[in-house]
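In order of appearance the chains are A, B, C and D, and numbering begins at 1 in each one.
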Amino acid sequence: MISFINVSYAYPNGTSALHNVSFHIDKGEFVFLVGPSGAGKSSVLKLIFREIVANSGQVLVLQRNLCRLRRKEIPYLRRQIGVVYQDFRLLPEKTAAENVAFALEVIEASSSEIKRQVPRVLGIVGLKGKEDRFPHQLSGGEQQRVAMARALVNNPPLLVCDEPTGNLDPNTSWQIMCLLERINQLGTTVLIATHDKEIVNRMGRRVLELNNGVLVRDDHKGAYTHEA
Amino acid sequence: MISFINVSYAYPNGTSALHNVSFHIDKGEFVFLVGPSGAGKSSVLKLIFREIVANSGQVLVLQRNLCRLRRKEIPYLRRQIGVVYQDFRLLPEKTAAENVAFALEVIEASSSEIKRQVPRVLGIVGLKGKEDRFPHQLSGGEQQRVAMARALVNNPPLLVCDEPTGNLDPNTSWQIMCLLERINQLGTTVLIATHDKEIVNRMGRRVLELNNGVLVRDDHKGAYTHEA
Amino acid sequence: MKLKNFVHYCKEAAQGVLRNGWMTVASVTVMVLTLLMLGIFVIINLNVMQITEEIKEQVELIVYLEDEADHQYLRQQILELPGIARLTYVSKEEALRRMQEELGEDIADALEGRNPLPASFEIQVHDPETIGEVADAIEPMAGVESVDYGKKVVERLFEFTRILRLFSMGVIAVLAVMALFLIANTIKLTVFARRRQIGIMKFVGATDWFIRWPFILEGIFLGLLGALTAYLVLFYGYWYLYAKASAWFYQNFLSVKLATPALVGRELLKLLFALGAGIGALGSGISVRRFLDV
Amino acid sequence: MKLKNFVHYCKEAAQGVLRNGWMTVASVTVMVLTLLMLGIFVIINLNVMQITEEIKEQVELIVYLEDEADHQYLRQQILELPGIARLTYVSKEEALRRMQEELGEDIADALEGRNPLPASFEIQVHDPETIGEVADAIEPMAGVESVDYGKKVVERLFEFTRILRLFSMGVIAVLAVMALFLIANTIKLTVFARRRQIGIMKFVGATDWFIRWPFILEGIFLGLLGALTAYLVLFYGYWYLYAKASAWFYQNFLSVKLATPALVGRELLKLLFALGAGIGALGSGISVRRFLDV
């Protein structure tokens, strides 16, 4: 599903974010990506949905070599990856429902499909009754859940979440995690960058740890910290 | 320092965010504000730095009655409150250092003062070497720490933080908390809205709990959950 | 573009217009003002065209006849030439009467009943530019003493009107190009204000054209709205002024008529709507491009 | 405003200009184009003013003398009147010679040596509008037979030039107001694109004026930059055209001179810079206001 082979990346301003990172994630896996702030977690995710392109090494995602991906193909890659962005990236001029619907509109889903799916996923993330709010009319955690709903709505084969519970209380976080686990059991590959020690420890899934742009740990059935 | 007396607030679209909330925070206190997502934590903070005005009840902050505060006085109130916003609110066209410096410029600090203070606080939050990056060139956690630095830089008597560790790993979060505690010991009143169960429990300070806009708990030496 | 997508694009465009109300108003205002400025020039230009054309129409050819000429026969001969619009005979008596009117009775007294003035034809041609050729054709005819059309003055007049028209057209062309860039730049600014949203759409998997179409439709809509407003203001404004001023103008300025509102309306319609909608669409489409690369 | 603050405001304004490069270019372009459009009208207007004035200057008063009048004495008397610019004596012989030239030898032959034409003075006055009063003052003088200045034609000409000038001024005024709103709206759009930042500054404790000043300075700067560019293009463009065209124009069009580049330059300078910088500053200041309420 996802293969990083000796990937290095430095941002245009010269900041080196990743050094020689290699790992492989199979279809159907559930993986946590951890590491201190600034370690390069978001950079790994950005490489996966091709916000950035590796300077060296190979990034293979969903049978595509992203280093060779043509510009035209990028949208079709992204439609197969549900992403919860660290900064949400909700469209400010659209309501919660419209934001979620947009992810279906780009894949030209039928309007009856849209009408059915959007309230369903918004309900799942606990936003029933807030469909018609604009992002700025939602609390931080609510915005984050809209982003989650948008990522889920078109049942992508790969789900990538950057800090998806950073603005959520432990209860809601845990519910979201259970939701992600259910989705994973239905066959979706899930990759989550997170700082939430408790969740990582409680889930006991595979953990990739980054530090200073270097992959320092790849633990099947791991915990947030090495020692734990 | 802060008094809420029977405060209720509903957003212009009719969403009622707070019902009849009353509490009092003394000078020098260190208080956590907890509650599930959408409980009204951010709304309480917004009332304090007067982004919004209570519909009924009284909000007293730093000897001012905010319901009667004249428009002209708002900036002078805000200069005495260091705020870490949940959505950071960094100026996108300014570098990290310039963002922090701006908080000093508005109080007309001397440029030598600015030159001394800005690198110092950026160093404290662990951003040495990233002074000249624009916000979009920083990781989520780094942006959050810039926001923290900006809130601290002019030594305000009151510090209000909305989810200040949502994008930080447990280690960095703990360091930031220790920093806030030190600052608190020097006399600054600190109010933190957070979901970080571990930190709240570990600090063992006063906890205000909101649920659905209602203050349901006010525990001196409390924990994140009632039961804990 | 499938129908379903078209509906989606229209919906998005409508949202863009309505939810950025303040920006919509500002950019339509810019568009209206630009088109008004251009339109004012166009109206002036149309009138310059019309008036110069009419002044040229008033150019006359005068054919002086020998006293013994057969003016009936000559008239027939001249009318057989192509392009003659009007021919008036002025007899010797009429010529004298006219001179007396101009110079006073003294002259007539001094002439003591003799009449040294020749009879003449006053001729107007369909295409004033051909007046020289017509004169050349008449001159050798029997019974013609001389032909006069103020060669030098007429040539100068033609040269002058030609330059004036060229200048006026040049100004319009320059202004149209300016208006084009002005509108395009305004559209750019409205797109710029939404650059982040364009990026976000890309991240959700939208193709370039999926993002672009609503902006293009929005551009067309804003352009049409701007053009329509400008058109209505200019057309009814001109109509009002024309009703008030054209009679006075005709009386006071060489019997020249102003361009009719109908003509002005037709020309404005073409120009404003083409510019408004065209530049609106193009400007949006091109500006969006810059932010699509994410 | 303290000096320290001023330095800060300038720094902020410079950042605004530089870090929004794309937007700066778009908005300066709009400003330049608007001012160019306006400037073209101003140039045309100045020439209309100049040319109508010059045509009026060419109006002449003709005083016909009785045959026995003492023209030396009369000349003295007339020159004592206020506002006389030029006076030329045309003797009876000169008058006859002129008529012969105009109407041909036939007339002279018919007159058989007699000369019925009166001597005359041709007079030009400083202010053509006063020509009627001057005529009225001369008419009753001894030795004056009649006074003629083509009353009807001159009155019409004055009426026509007056209307033309009024129209031209009116157009300029309307256009200036349009340019004003156009620029203000463009500035609005650039402020709109930064509305969030304005809010953030307020949240950090900035006063309204602390936020506003950099925008105002930025507006002034963009306005001056736009005005300067437009000024240079218009001034040198006109200079070039003037050098090419003024001689031709003088020869071909009633000996009328075009407005000099110096005059045009002076007028443009005043108008463009006032509009550019003024509207830039005002537009920014007012637009910012809308986003200060947080």
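Keep in mind that, in the parts below, a contact is a pair of C-beta atoms (placed from the backbone, for glycine too) under 8 Å apart; a residue touches a chain by one contact, two chains touch by 3 or more.
Keep in mind it's a predicted model, so treat the numbers as computed, not measured.
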Intersection of the contact lists for chain A and chain B: none
Centroid-based (C-alpha) most distant chain relative to chain C: B
Averaged-CA centre spacing for the pair chain C and chain A, given as whole angstrom: 62
Chain centre separation in whole Å, for chain D relative to chain C (CA means): 24
Whole-Å gap between the CA centroids of chain B and chain C: 66
Chain contact topology (line, ring, star, complete or other): ring
Chain-chain contacts as defined at top: A-B, A-C, B-D, C-D
Chain A-facing residues of chain B, complex: 11, 13, 15, 34-38, 41-42, 86-87, 133, 137, 139-142, 145, 162-163, 166-173, 195, 197-198, 224
Contact footprint of chain B on chain D as seen in their complex: 2, 4-5, 8, 15-16, 19-20, 194, 196-197, 199-208, 210, 294
Of chain B, residues touching chain D in the complex: 49, 51, 72, 74-79, 83, 85, 89-94, 102-103, 105-108, 111, 150
Residues on chain D engaged by chain C in the complex (per definition of touch): 22-23, 26-27, 29-30, 33-34, 36-38, 40-41, 44, 106-107, 109-111, 114, 116-117, 156, 159-160, 171, 174-175, 178-179, 181-182, 185-186, 188-190, 192-193, 252-253, 290
